[in-house]
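Take a look at these structures.
Both complexes below contain chain A, partnered by chain B and then by chain C.
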Partner chain A sequence: MSFITSYCHLTNESCLVNGQHIAGRDSESTDSWLKQLYKKQEIVYPKFYKMDMLSQTGFILTELLKKANPKLANAYQDDEIALLFANRFSSVDSDVRFQRSYQQTSPSPALFVYTLPNIVLGELAIYNKWYGENMFAVLPKFAADFYVSYAEILLSAGSEASLCGWLDIADEQIHAFLFFVEKEGEGLAFNSENLQKLAGTI
Partner chain B sequence: MDQLKEDLKKHIIEQLNLEDIQVSDIADDTLLFNDEGLGLDSIDALELIVLLEKFYDIQVTKPEEGKEAFMSINTMADYISKRKAQQAV
Partner chain C sequence: MIYIGAEEIISPLGDRAEQNFQAMLDNQSGISLVAEAGLNKLPVNLSKIADLDFQNPFESLLEQILISLLKKIDADIIRSDRTILLISSTKGAIENDISDQFGKSVRFLTDRFLLVNQPVVISNACISGVVAINAGANFVRAGLYDHAIVIGCDLISEFVLTGFQSLFAVSEKPCQPFDSERNGITLGEACSAVLVSNSRSVFRDMPLGLLKGTSANDANHISGPSRTGEGLFRTVRKTMQVNGISDQDIDFISAHGTATVYNDEMESIAFDRLNLTHVPLNSLKGYFGHTLGAAGVIETAVSMQMIRNNVLLKSLGFKQKGTSVALNIIEENIPAEVKTILKTASGFGGGNASLIIQKL
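Right, the complex of A and B next:
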């Protein structure tokens, strides 16, 4: 049996880690909501500013999970943490921005590199040096069974843990849910019923 | 030349989304692709090529030229000046 050892939710208004509200968007700030969260993390990673919203969301929420679960940093070999993500809208916001860039001015390479949804996995792998299995699926809706089935396969084939996420972003509306699954640890049993309950706000 | 360098710094900050960097943070001889400088990467190099075409109507067609030209603000300004002079002939 595996366990969901930590999880977090992000919408355009609030951020919750393990069900606890940890931050709300400051509507008076000139910074974007994701930038507000980034600044709270006290990390210096200038590449964050170049990322699209999909990657920024995945990056920030992963940092929050690491903070909630500090042993993550050293508990696993660099190829033992799998990344299993999905969403409904692929990389549509970046696709549209890139399309505008080449229709209105000149095509932007910096936008082009984000016109695939799985780029967020590359960003996480590079920053965290997590080189395990990875998968990004585009699904019609959040599907707990997908995560349970796929993660169990990964965990039975060499991975010791899996960072999983639903990163639904379109028209700058964010509905994100990340959760960390480990073979051993304290948390909810990793099954469809528990996952569906945790994802209830999606 | 000083105005060209200032404009270049502004364009680079804007085009490359270097949100934490101010014009005053970039010295004329700061190495652009060095971790102790601006730490730019290969995608940023492509953005610099786009930037030259967009703002200065200069196409970088020879990769070896770019390697020299993109070392610092000084080398970029020199490159732009030379190319502009060639275009004027």
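Right, the complex of A and C next:
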């Protein structure tokens, strides 16, 4: 038995941590919504500005989860946290941008390297020095059963915790839900029913 | 025990696994110079399938490989609620629909073969295939399913070729993994499938044993390999440890070997750290090019054929040592009894994965 010890949601309008609203998009700002959230963090990581929206979303939400649950940042060995992510549209936002670059001007290698959905896992691994298991799946919709079954498999095969996420970004619309699963800790039991409830209408 | 078998391959070398293997024994490569294919309409070396379906080649290859696979297994299991289909791919049907690269093809397969469970697409860049086979074994070992059909498929597209050319990662000559003159990848397209199962009796031919596999991130760079081979070192060490396999137990390594300068160098460093430089090793990219999401599956399938045929296939394109650490690269096809093989993969996003297959 494992537990969902923290979780967060991001849409185009608002950001919630453990169900509590922590920030809303300032529509007057010249910064993108993700940049607005980045500037609220107490970190300096210029690589953030090079990332695509998928990676920026994963990065910001992981930082928020680390704040909400410091165990994500410091309770585990460097290879004990598995990353289990999925979405519906793969890396389509970057794919369309890269396609535009070579159809309209010249191909942009800086865009091309983000045209794979698992790049966000690489960005999280690099920043956090996480050497653990990685998987990125593409599914037609959020599937609580998939996360519960596969995260439990990872937890029984060497990983001690699992950072999981549904990161869907298409047509500039963000539907993101990250959650952290631990073998012990305070939170809801990690089962499909609870997970579906927390995910909401993501 | 988890079994793996019924391997199938569609590539420029043929549309059955046995046909592909015979062509490889005959030193054939799928790579050839294709006119007006690349940036600025210049010729590029590619491993391209000649007679692809015009309408929807991705969907059609998935269908074709499943039909071939079903001839090698108890075909009824495909409609079982105890079977899951895993598809390993990076860009799916991007040429058909950039905004839905997988969804439509997955729905087509679900209807066409009356699949009970929702198929899962695994998209982890160049390690997708190894991750997918490991995931299949994990699902079966955990008792969630009895059978996992794993298909790896990627096509050459203007999108991907242009991207790799913009990174200056494409070789002018056919790729030469681990060679001193290697200078980049050659892109390929292929579709390959295997069945992973807890039942020996569903295979028409003798299956092989699939041990536990693992993955590890380099935590270093999103598009360049770690100079120390950290992630590859960690995944192989983990895979060997959890299975109680020592460096003396491994008879052959099917390496990733993309033929970029930095990747192959990284692999040599990792294998040195693992005390595996004595083990006969090849890269199959000289036969198929780099088939991205299909690579892990097709290279595992060929390795299985090597076990069945008692042959170590040479690493096509290799002439002389080109890494700072010398590896035992296979230079001629050699008859040999191969019992335990290690398959590795490394890719963008810093991913690395490994698996071990044993003759029963």
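The rule we apply is simple: the second predicted complex is superposed on the first by the 201 of 202 C-alpha atoms of A that agree within 3 Å, B and C clash if a C-alpha of one lies under 4 Å from a C-alpha of the other, contacts with A are read in each partner's own complex, and residues count from 1 in each chain.
Basically, a contact is a pair of C-beta atoms (placed from the backbone, for glycine too) under 8 Å apart; a residue touches a chain by one contact, two chains touch by 3 or more.
It should be emphasised that the depicted structure is a prediction, and the values quoted were computed from it without experimental measurement.
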First (chain B), second (chain C), both or neither touched by A:E133: second
Chain B versus chain C as contact partner of A:G24, first or second or both or neither: neither
Partner with the higher number of touched chain A residues, chain C or chain B: C
Partner chain in contact with A:A157 - chain B first, chain C second, else both or neither: second
Chain B versus chain C as contact partner of A:D79, first or second or both or neither: second
Partner chain(s) touched by A:S108 [first = chain B, second = chain C, both, neither]: both
Touching partner for A:A170 - first (chain B), second (chain C), both, neither: second
Which of chain B and chain C A:F89 touches, first, second, both or neither: second
First (chain B), second (chain C), both or neither touched by A:L116: second
Those residues of chain A which chain B touches in one complex and chain C touches in the other: 106-109, 113
Chain C residues within the chain A interface of the complex: 39, 90-92, 94, 98-103, 106-107, 118, 120-125, 131, 135, 138-139, 141-142, 144, 158-159, 162-167, 212, 214-223, 230-231, 234, 238, 242, 348-351
Residues of chain A that touch chain B when the two form their complex: 35, 46-47, 49-50, 105-110, 113
Of all residues in chain B, those that touch chain A in their complex: 15-21, 39, 41, 43-44, 46-47, 50, 53-54
Touch list for chain A against partner chain C, complex: 78-79, 83, 88-90, 92, 95-96, 98-99, 102, 106-109, 112-119, 121-123, 125-126, 128-140, 143, 146, 149-150, 152-153, 156-158, 170
